[in-house]
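First subunit A sits with subunit B, and in the next complex the same chain sits with subunit C.
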Partner chain A sequence: MDFFDALHTSAAGLSAQRLRMNLISGNLANAHTTRTEEGGPYRRREPVFAAQTENSSFGEILSAYQTDMLPQVKVIDIVEDQSAPVLKYDPNHPDADERGYVGMPNINLMEEMVNLITATRSYEANVSAVKAAKEMALKALEIGR
Partner chain B sequence: MSSNNLFSETISFLERSLNLRSKRHRVLSANIANIDTPNYKAFDLVLEDEFTRAGQGSGNIMPLKRTHTHHLPVTGASADRVTLKHAKAPEFSLRGDGNTVDLDKTMGDMAENTLLFKTAAQIISKKFQGLKEVIKGGK
Partner chain C sequence: MNEITSTRNLESLQTPGVTPRQVKAPDSNSFGQVLTQSLNDVNKLQKEADQAIDALASGQQQDIHNTMIAMEKADVAFRLIMEIRNKVISAYETIMRMQV
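The block that comes next holds the complex of A and B.
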């Protein structure tokens, strides 16, 4: 059923964008976190999106190849930003080094906000796709009524 | 009188239209879901091509027969098979990630597709209503 496949595809898009929004919220919330479990300041996280068919076995991939190869979106990894922490002079901070500098997370508020808006818009686009699929399916159900 | 005469070609044609439009919706949904996927190339399903291909008729194509359930599926000659194309990439794109999904175009295509699907469904529905009316003798 194409409608259900379409709904699954859109749902994958929704969940990927939601995860991205969660990560951005985490980045914003931790913009001043200097201690983490791994040690050192917080590092900003970012999802890696990949287009992937949901099939795994050889047979499934083959039949997907023979029909059509529409990929869903999937978050395959969450990467941490490896850039150096921003040094801020604050000798009274408990995490300051002997010279009085504190390593702060390298988080750019503007960048995070722009990403947040992009994620919201992409999410909305997926919602529209879900709505359209639902409308079409309901209209099809009305045939013969 | 064959049922083909009664229903003429309208219903089978509209049925194919509904089928293709739901497929196209799936293609467009996949594009939207992958709007932020780096290096994703947008797909499209050109319905006009599919209709002309269906119009040419697959009568002279001999379908392959599967004689065992474990044989590989043969979908080549099936009427259900559609050809996906890569959509034309936007001419001027400032995106540096190699993604060719044009959100505005996709949403526009989706709105158009949804409307035309509803139109086809409406026509089928009316067709059946008319038949019902005739069967009941206008009572």
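The block that comes next holds the complex of A and C.
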């Protein structure tokens, strides 16, 4: 546990929130997409966050057990919303079925905007944590003056 | 001839009453080595920050915050080593001002 661990933890949080922001942007941009590669309308994507220690090598796992290293947030998966698409009656649409209904993505714009605000605020919180950690270190340096 | 006799006389004078203390060889944790080690660490952080800036500018690294954090780390480490330097210099100056 040194001073830089706080920075690393915050950096992981920043990366996670940035990825979440990317996904929300994708959801907003594809709110009216009716065609995807896998067929059917776009499905909204959501990240799955997990708290885990950085375990890329054996040495890092060992040091994580020896020192009580803080678990960092990591995006372990990106899941697609499996709920049914919203049916909209539009017979002239090229993707309409034989009854004239088009499957639209089940994306609620308000919900996505709220998620966007949450992601931005979480990012800001992580930036504040970085700033606080740095100020703490600089205050510690002032002891010697 | 004259010289040899004079040194012999000196040898008899030099038989020490007190054996001079052995000056220890600097062990692995000497101040100089710790200082060099920490200087190397600071240099490593500076280089990491440089690489992060390069990676961001050339588009390899997409995250701005990782670059910023690398820079902050280098900044704090450099400030710490500067504080240590200031302390060492002021200690040296204090000793130099000592009245003899």
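Just so we're on the same page, the second predicted complex is superposed on the first by the 127 of 145 C-alpha atoms of A that agree within 3 Å, B and C clash if a C-alpha of one lies under 4 Å from a C-alpha of the other, contacts with A are read in each partner's own complex, and residues count from 1 in each chain.
Note that in this section a contact is a pair of C-beta atoms (placed from the backbone, for glycine too) under 8 Å apart; a residue touches a chain by one contact, two chains touch by 3 or more.
As the structure is a computational prediction, the values presented were derived from the model and not from experiment.
Looking at the superposed arrangement, the partner reaching more residues of subunit A, out of subunit B and subunit C, is B.
When the two complexes are overlaid on their common chain A, residue A:F3 makes contact with subunit B and with subunit C alike. By the document's definition of touching, of the two partners only subunit B reaches A:L70; subunit C does not. Contact with both subunit B and subunit C is seen for A:G144 once the two complexes are overlaid on the shared chain. When the two structures are aligned on the shared chain, A:R18 is found in touch with subunit C, with no touch to subunit B.
Residue contacts after overlaying the shared chain place A:A84 against neither subunit B nor subunit C.
Of the two partner chains placed around the shared chain by superposition, subunit C is the only one that A:K134 touches, whereas subunit B remains out of contact.
When the shared chain is aligned, no partner comes close enough to touch A:M110: not subunit B, not subunit C.
In the three-chain superposition model, subunit A touches both subunit B and subunit C at residues 3, 7, 10, 144. Partner subunit A is touched in their complex by these residues of subunit C: 63, 65-66, 69, 72-73, 75-76, 79-80, 83, 86-87. The touching residues of subunit A, when paired with subunit C in their complex, are 3-4, 7, 10-11, 14-15, 18, 127, 130, 134, 137-138, 141, 144. Residue ranges on subunit B touching subunit A, taken from their complex, read 18-19, 21-23, 25-30, 32-38, 40, 43, 72-73, 75-76, 81-82, 84, 103, 106-107, 110-111, 113-114, 117-118, 121-122, 124-125, 128. Residue ranges on subunit A touching subunit B, taken from their complex, read 2-3, 5-7, 9-10, 12-13, 16-17, 20, 49-51, 62-63, 66-73, 118-119, 121-122, 125-126, 128-129, 132-133, 135-136, 139-140, 142-145.
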